[in-house]
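I'd like to ask you about the structure that follows.
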Amino acid sequence: MTAFLARRMLQAIAVVILVTLIVFTLLELAPGPDRAAVVGTAAHSQFLVQYLSWLGQVLHGNLGVVSAGGESVAALLATSLPRTLILVGFSTLIALAVAIPAGIFQAARPSSVTGHGLRVLTYVFYSMPAFVLGSVLILFLGVGARWFGAEGPQYAGLGQVITDWRDLTLPVLTLALGTIAIFARYMRSAAADSLDEEYVEAARARGADERRVLLRHVLRNSLVPVVTLLGLSIPQILGGALVVESLFNFPGVGFQIWQAAQNHNVPVILGFTLVFGVGAAIGSLLADIAYALLDPRVRYARA
Amino acid sequence: MGSAAVAILVAMFAFCFLGPLVYHTDQVHVFFKFANLSPGAGHPLGTDADGDDELGRVMVGGQASLEVGIAAGLLAAFLGSLWGAASGYFGGVTDAVMMRIVDAGIAIPTIVVLLLIVTIYRPTEPVLVLVIAATSWLSTARLVRAEALALRTREYVQMVRVMGGASPRAVLRHIAPNALGTIAVNVSFQIGNAILILATLSYLGLGVQFPAVDWGNMIFSAVQTISSGYWWQIVSPGVAIMLVVVAFTMLGDALRDGLKSKSRGR
Amino acid sequence: MRLTRTRGSRRGRGVLGVCCAVAGLAVVVAACGPVGSGASSSTVGTTPTNGGTATYATIPGLSATYIFPFTPGADFSATNSDDLQYLLYRPLYWFGDGTQPTLNPQLSLADPPTFNGRTVTITLKPYRWSNGQPVTAENVIFWINMEKAEETAASGADEYGGYVAGTFPDNITGWRAINTHTLVMTLRGSYGQAWFTDNELSQITPLPSAWDVTASGTKGGCERAISGCQAVYNYLTSASVGPANPVKWGGSPIWSVVDGPWQVTSATAQNQVTMRYNTMYSGPAAANHVDTFILEPFASEQAEFNQLQDPGNNPVDVGYLPTVDAPVPAAGSQVGSNPVSLTNYKLTVIYPWMLSYYPYNWQNPTVGPIFSQLYFRQAFQSLQDQEGVVSGPMHGYGKVTIGPVTDYPVTPYLSRSLEMQGDQWTLDPSRADRLLSTNGWHVSTTGGTTFCAHAGTGPNECGAGIKVGTKLDFTMIYAAGVDWMESAVKELVSNASLVGINITATSQPTNTVVSTALGGAPDSWELAEWGSWTYSPDFLPTGEELFMKSPFGGFYNNPTNNADIEKTLTAQTTSTFDQSMHTWQVYLAKELPVVWTPNVATLVESADNLVIGPQSSTLTINPEDWYYVK
Amino acid sequence: MADLLTITDLHTEIRLSGATVRAVNGISLSLAEGECLGLVGESGCGKTMTARSILRLLPPGGMITSGAIELDGTDLVQLPEELMQQIRGSDIGTIFQDPSTALNPTMTVGTQIAESVVVHKGADKQAALARAIDVLRLVRMPEPERVVGQYPHELSGGMRQRSLIAAAIACEPRLLIADEPTTALDVTIQREILELLDELRRDLGMAVILVTHDLGVIGGRTDKVAVMYGGRIVEYAATRSVFATPRHPYTEALFDALPELAVKGSRALYSIPGRPPDMRTESAGCSFAARCRYAQDWCSAHAPELDGDHPGHSYACFFPVSSVFGGGQAAAAIPVSAWLSGHDPSPRRSPAADGNGSSSGPLLRVTGLVKDYPVTAGLLRRKVAAVSAVADVSFELAAGETLGLVGESGCGKTTVARLLVGLEQADAGSIDFAGTDLTQLSTRQRRAQATGIQLMFQDAFASLDPMMRVRSILREPLLIQKAGRRRSHRRQVNRILDEVGLPADAADRFAREFSGGQRQRLALARALIQRPALIVADEPVSALDVSVQAQILNLMRKLQRQYGLSYLFISHDLSVIRYMADSIGVMYLGKLVEVGPAEAICAAPGHPYTRGLIDAVPVVTADPEAAQFGGGLSGEPPAATDPPSGCRFHPRCPLAQEICARQEPQLQPHSAAGQFVACHFPLEEAVSSPPPAGAADLPAAPSLS
C-alpha cells in the first residue's frame, strides 16, 4: 500500500509539472505584455530559462500580479479559493448523496415508473447547459417563488457564507444537478454490472433481502468506478463552477478566472489554472486512495 | 433506446438541413420592428430580439451546432484514439509519459483552456472545432488506451504471433476493429458533449460569431431576457439542443449496452 | 480620461461598453437632465426620517478598488471616483448641478475661480477635515506638487489617470498660497476660463496634511516641495492597494481623514465598502439623511438584476436595471414602468453626460481613402438606424446623436439650429445607394459587393486613392457583452448588405477593442466600436481630445475643424465660448468624422421608501442627501 | 423417512423479448431428509434452472408457471417473497459453481459467511463472526480466526470454495443445493471438496442436491440420480441402479462419452451427435430423438412418459437400453489405477511404422527450459523476486505422438505451451524443433517457423476474433505466411471446415454464432490449415461438456492419424490425458517431476505427486466405498514466488524426509518402460496393486474383462 501510494504520488508530481508546462506553453501563446507581466525580466530569454524562472517564482508563491501596481494573484486566490471549495464541496456531496441512490434505483428497477422517470430526468439535466439550468432555477425558485436568493452569498466571512443557506442553495443546486446527472448515469451502469455478478445471487440465496443486497453488496462494488469518475470529474466540476459562480455573482476562483478572461488578464488566468490543475491532480490522487480503500484487491495487489 | 435515438437524430438532421429548403425565412437581415413577437400566424415559433423568425433560426442554428459538434466529436475521438492506441501499444516508458500528459491535460479544466485559446484566436467554426477537439480528446485517449491494453492480452490477438504474424497485423486487423465499438460509443458521447461545450462557450461570448448562429447563442440571448416572458425564445433552441444531446447520449448508451451483450456472446 | 463602463445590457458579463472622458472647456447653461419617474404601487408614506442604511450596487464588473484619489489609469474608474473617493475626499470643484453637468458652487470646496489675465485666484471655503484641521491652500498645493512630481518625472507615466500631457499641471508655471484659504496660479497661456475651470481645475482634489507622510508618523515634504512627493506617493499608493488592503481601509489613520460627508468604517476583500456619515462634514447638510452607506459590488448586470428581483437577506436599495429587462415606455413618456418582478423599487432614468459614436480609421492605408470621402461617410451614416436601435434593443431608453455635442441633456453648448434640425442622416439605404452610385461605384443590391467602377477625383468618380475594382469590404471590431451594441452592429451589417457593403464584424473584449483602436498599427483595424465617451473629469464637450488627429476620433484631421476647436479653447467669455462651440459643431456635424450612434440611458432602481432626488448626469452620487420616508 | 422436498410437475419459463424458453418443463422429484440427489445433464438441459426454481431466484424474465415445490409441506411457489427470503439461507443453503465470482470482493469472508446468521438469527456482529469462525472450522479451514478477516482475493481457490460452503451451511440448512461446486477447481481440490460435502451431509443431516455435468462426481456420493435433458427428467433412479443399468439412451451416451471408461475399449469415445434441443420450441416427440442412436420414427411423434419397469427406476423412453453398456461393470468399484493402466490397442501412433518422417530423432526436444517472471515492488519497481514458472524442464516428443502435460493450476504447464509457440521468450534452455533451436532464432525467422507449431487455447471463443467471419479467421494464417495464392485459400478453407466437421456455410458466420464445441473445431481448423507438425493444445476440452469433449477428443485423434500430427496436450484432467497421450509429463510448481510412457505412469506412478493426482480423479462408480478410494492430495501448491527448497513437493508429500527439503532430486530413470522420476523416495512398484508397467496389457481387474 505504501509503495503504491508513493508511486502514485510520484505520478501526481509528474502530472503537476506537466500542468505547469502546459500552462506555461499557453502563456507563450499569449500576447507579449501579458507574458511580461508573468515572467518579468526573463521575457526575452529562452523558453526553458523563462519556464524555470517562472516555476521558481511559482514555487515561492509568486503567481504574478493582477495588474500593474495591483494586488497579487496569490492574494486574490487566497480570498476566492475557499468560496469555490465551499460551493464545489457542497454540490459534490449533494450530487453523490442523490446520484448514488438514484443510480442504484435505476439499476435495480429499470422498468419501473420511477426508474424511467429518473432516467429521463438524468438525461434532461445532463443535456442542459449550466447557465440555462441556473437561469431557470433563478426564475422559478428565486425570483418567482422567493424561496431562495437569486444571488450567491456575498459575505466576507466563510462562516457566514456557509450559514446563508437561502442564498447558497441555488448556486449549489445548479452545480449539483449537472453533477448528479453525470454521476447517476455512471452509477446506474456500475450498479447494473454489479447486480449481474454472481455474488449478488449468492447473497440472495443466503436470504438477503433487496435492501441488504443493494446496500451491502452492490453499493460498495459500484462505488469503486464512481470514485474514479469523481477523481476525473474534479476539473469538470471546477469548470462548471466557473459558469455557476459568474451566474450567481459568487466571487470564487471560477468567477475570477472568468473576469480575467474577459479582461485578457493572463496572469490571473494562468495562476488560477495552475492551481486548478494542481488541485485536480491531487483530487485524482485522493480518488485513487479512496479507490484503494474501497476495493481491497487494489490495496493488496499493488502493495 | 437506440432506434429512438436514431429516429430523433434523423428527424433533427432533416429539420436543420432540409427544413430551410421548405420553410424559407430571412435569417440575414435584422428587422427590429418584428422583434420579440410571440408565436402566431406567420411566425409559428415567434421571433427573436432581432426580429428573426425563430423556427427558421432554430434550423439555421442547428446546422452550426450539429456541424461543429459532429466535426469536433469525430476529431476528438480520432485524435484520442490515435494517442490512446499508440500509448497502449508501445507501453512502458512511452505509455507512462503519454498518459501523464493526458492526466495533466485532464487536470486543467476544459473551459479554462477554451477561454484562453478562444481569447487568442477569433472563434470561427473551424477554430471552434479544433479548440473543442483539442480539449476533448483526452478522455478518449484514456479509454482507448485501456481498451488497447485489454485487447493486447486477448487470445485472438496473441494468436497472430503464434501464426507468425507481426505486430502491425495484430493492431490493424484485430485490435483496431475490436476497439472500434468502444470508439463508436465514445464518438457518440463526444458529439453530445461538443454541442454542450459550444453552447457554454456562447455563454462566455466565445461561441460562433454573428452573422453565424448556433443553438447555444440563441439560448444565451434568450436567457438574458428570461424574466421578460419571451419563453418561446428559450424553449425552441432549448428543446432542440436537449433532443440532440440526449439522442447522442442515448445512442452511445445503446451502443455500449449492445457491445456489452455482444462481448458476452457465449 | 476616465474609464467607466456603460451599463450595457448584456448580462452574465462583467465587461461592458467603455466610455472615455477627457477634459474640455466649459460654460454652464441649464437644460433638462435626467427625468425621474417610477410610479410605485406600494404604499409608502412621505414623512422623512433620519438614519438608516442605504446599499448601493456599483456598476457591474467595476468594484471599488482604489481609495487614494490620485488614481492611476488602471483603477481610474467611475466607481472609484464617483462612488468612493468623491464621497470621502471632495474635489476642489464639483460638477453636476441638479441634472446639468455644470459647476455646482454649493458642493465645491472653493468659490468659483476668478481669472485675471494669466492668473487664477482660488478662494477656499472654511471646510474642515475630520481630524479638525482646516482645508487649506496648502492642501491644494499638496495635490499640484504631487501631480507635478509624478507626471513630469517619467514621460508616459500613468500615475494619475486624469493626466493628459501638455495640459494641467504642465500649463501652469507657478502656484502659491496667499493665505490659508487663498491660492494663486500662473498660467502658461491665456486659456479660456470655461475650459480651464471645467477641464483642468476639475481634476484637483485637496489632500490633507495628515497624508504628507512617508511612513506611519513620519512627516513627508510634498506640501512644501515637489521633491518631497515621490516618497509620499509611494507610501500612499502602497496603503491604498496591495493584498487585502481594502480590508485595511476601515479605521486607517490615513484614509479616515476626510473632508467629504462620508468615512469608511469597513471594507471586505471582496470590495464591499461600508461608510458612515461624517459628522464633521462642513458642506451643506440635509435635514434628513441615511447614516450608513454600503457599496456592494456586482459581477454582472444579471446578478444585480436578480438581486433586485429577489432581495433576500441583503437587499440593495439603489441599483441598475439592465436595458433588456426594461419594458418599453409608452409613446411620449421618458420613463416606462418597472418590470413586474421589481415590486418595491421606483425607476429613474439618467442620460449620462457623454457622446456615443465610433471611429473610422482614417489612417488605414487600404480603406482610409474611402473613409476620406464625405459622400461615403454620408452614405454610411445613412445605413445607421439610430431610431431603430433606440426603439428596438435600447427599449426606448436612448437618444439619437446628431453631432459632436450631445443633445441630451440639452446644454447651452448645443447649437439650437442643429438641435432643431435633428438627425439629418436617418436610415435610408436608397440614399446610400444614390450617393455611392453617383460617385463612381457600381452598387450591388443582389448579394455581391459594391466596387469602384470609375476611379478619379472628378464628379461621378470615386475619389482620390481609390482604384477601379476597389470593393466596399470592411472589418469591424466591437465590444463584446453589450446587448444593444451587438444588435445595432448586426442591423448595420444587415443594412449595409442592402447596398453591397460587406462588413465582417467581430466582437472582442472591450479592452481589446479600445487598445486596438487607440494603439494598434494603422492597418490593424478599420471600424471599431466601444461605446461612448464620458465627459469626466473633463466636463466640457470641446473637441480637442476627440477630433484633432486623436486616436479617439480615428485620427480625423481637418484644418478648418482644428481652427474651430482652438477658438473654443481660448474663448474668454461665456458668449464667445458658446458662439464658437456652435460654429464648430455645425461644421463637424456635416463632416461626419465618425459614425454617430445613440446615447443609451442608465436606468436606476431605488427602493420605494428611499428618496434619492434627481441624479446627476455626471454620474456622481450624493447619498448624504438620501433619506427614508415612512 | 418423510420427504423433505417434493417437486411436482414444475414448469419454469424464461420470457425473453423474442421468445419464451421452457427451461424446466414438468419435472417431479422428491428428496428425503439427509438424502443426496444428483442432478445430471449437459449445459442447457435445465438442471441449474431447476435449482434456481427451488430457490425462486430466476434470471430476469424467469417465472414458475405451474407446479409445486413443497419443502416440508410448504409450497414454496406460493410463498410471498418475504417468507421466501426467510427460507433462503436458513432452510436452504446454496453453493455456487465459481467461488471467485460468488464471493463479494469488497467484503471480508467472515462478513459473508455470517450474513445468513445476521439475516436469519438476528445475530449481532460479534456473535455472527464467532459463528463464522465455528463454521469455517467445520469446513476445515486452516486458521479460521485469521480467515474471517480476510478478503476473497487473499484466499486460494479451494479456500474460497470452503468459505462459500461455510456461508451456505452457517444456518445449518436442511437442504443444500450445490450447483457444479467443483467444476472450476483443480481435480485435487475437487476431491477434497466433495469429501467435505459428504461429511457435512452426514454430520449435519442435510439433504443435498448436487448439480453437475460430470457423472464421475456423483458416483458413489449420491443416493439417487435425476438425469435431465431438454428441461425434463429422462431418467430417475437410485444411483447404484443408474450406474448399473442405465436405461435411457441419453444416460448411456453420457457414460460412453467419459474418457475414463473409454480407454478400456479399443473404440473411440462415444459422442452424442448434434446439439441439445432448442427449448424455445416445443417438440411433439421425445426431445432426445434427434440425437438418439436407437430412435425410431415413433419417437419423434410421441413423447414418452417418465415411468419404469421396476419400482425406483423410472425413465422416459420407448426403447430403453438394457445392458448394451455392458451391465454391471460400473456397479462395482473400478480401481483407478486399473482403468488408467488399461490396455489401449488402438493403432494411433508409431510414426516410424506410419513411415512418416525419419526416425533420426524426436520432432521436439526441450532441454533445460527456464522461465521466470519478475516480481517488482517498491517505488522504483525493482525486481524483488521471481515467479519461477518453468524451472529446468526437459522432455522429448516424437513425430506423430502425443505428450500429455498434467498438473494442478499454476504448475507451469501453460507457460511451457507459450514458450513453445513463441508467446514467451525462454530465460534459458533450448527448444529443438525439427532440427532447429527455436530459442536461437531471430524474431523474423521465428515467425517463418511458426507454421510448424500451432496452438489451441482452452477458451476457443476468446481466441477467435469476434469481429471476423470464420473465413477470414481461417485464412489469416495463410495470409500471414503468404502461403499459396489467394484463390486457393477459399478451397483450403472449405476443405478444412469439412475436415473438422463443420458445414461449408460456416465460413460466412461469426464465432459467436457457434456452440462451444464448434468453436473449438474452428480453433482446430485454424491450427491445422497450415499443416503444422505439432499442435500445442492447452486444456482444449476442459471448458466443454462431456459429450462435446468426446467429439473434440475424437476429432483430434482422427486428425492425428490422418496427418501424422504431434500433440503437446495440456490438461489438469488425467483421464483425458490418459485417453490422448502416448507419454505423460507430470509438472509440479514449474518442475517436471515425472515423465514416461502413459501406460507405465498410470500403472505405476513413481512420484508421490503423480500418485496423488491419480487418486484424485473421480471414480465412475456408484459404490460409496470405491468413491472414497485412495488418499489423494491435501492442500494446494504454495506460491511460485517462493518455491519450497529442495524438492518443491516436499511440504505436501506424505513420504517426505529431511533430505527432501535440503536437496533437489533430479529426474532419474525409474523403470524399464522409460519412466523418469524426480524423487528421493520414489514409489516402489506395485504399491497399490496394479501390475508393473511392463505388464500393462494384463487385465487390471476381474470385472473388466
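Letters A, B, C and D name the chains as they come in the text, with residue numbers starting at 1 for each one.
The rule is short, and it goes like this: a contact is a pair of C-beta atoms (placed from the backbone, for glycine too) under 8 Å apart; a residue touches a chain by one contact, two chains touch by 3 or more.
Everything quoted here is computed from the prediction, not taken from an experiment.
The most distant chain from subunit A is D, comparing centres defined as mean Cα coordinates. Comparing the chain pairs A-C and B-C, the larger number of C-beta pairs in contact belongs to A-C. Work out the mean CA point of subunit A and of subunit C, and you get 42 Å between them. Remark: subunit B and subunit C have CA centroids separated by 44 Å (rounded to whole angstrom). Chain geometry summary: the mean Cα position of subunit B and that of subunit D are 50 Å apart. Between subunit A and subunit D, the centres computed from C-alpha atoms are 50 Å apart.
Counting only residues that touch two or more partner chains, subunit D has none. In subunit A, 131, 138, 143, 258, 264 are the positions where the chain touches two or more neighbouring chains simultaneously. Chain contacts: subunit B has residues 119, 203, 220, 223, 227 touching two or more partner chains.
Residues 3, 6-7, 10, 197-199, 201-209, 212, 216-217, 220-221, 224, 294-297, 300-301 of subunit A are the ones that touch subunit D when the two sit in their complex. Listing the residues of subunit A that touch subunit B in their complex gives 11, 14-16, 18-19, 21-23, 26, 29-31, 123-124, 126-132, 135-136, 138-139, 143, 185, 189, 232, 235-236, 238-239, 242-243, 257-258, 261, 264, 266, 269, 272-273, 276-278, 280-281, 284. Those residues of subunit C that touch subunit A in the shared complex are 12-15, 61, 65, 72, 74-75, 158, 237, 241-245, 268-270, 272, 296, 298-300, 302-304, 306-307, 309-310, 312-314, 341, 481, 509, 511-512. Taken in their complex, subunit C has these residues touching subunit B: 9-13, 302, 305, 309, 322, 324-325, 339, 341, 385, 388-389, 391-393, 480-481, 483, 486-487, 489-491, 493-495, 497-498, 505-507, 509.
Residues 55, 57, 82, 85-90, 92-94, 96, 98, 101-107, 112, 115-116, 119-120, 151, 153-154, 164, 167-168, 377-379, 381 of subunit D touch subunit A in their complex.
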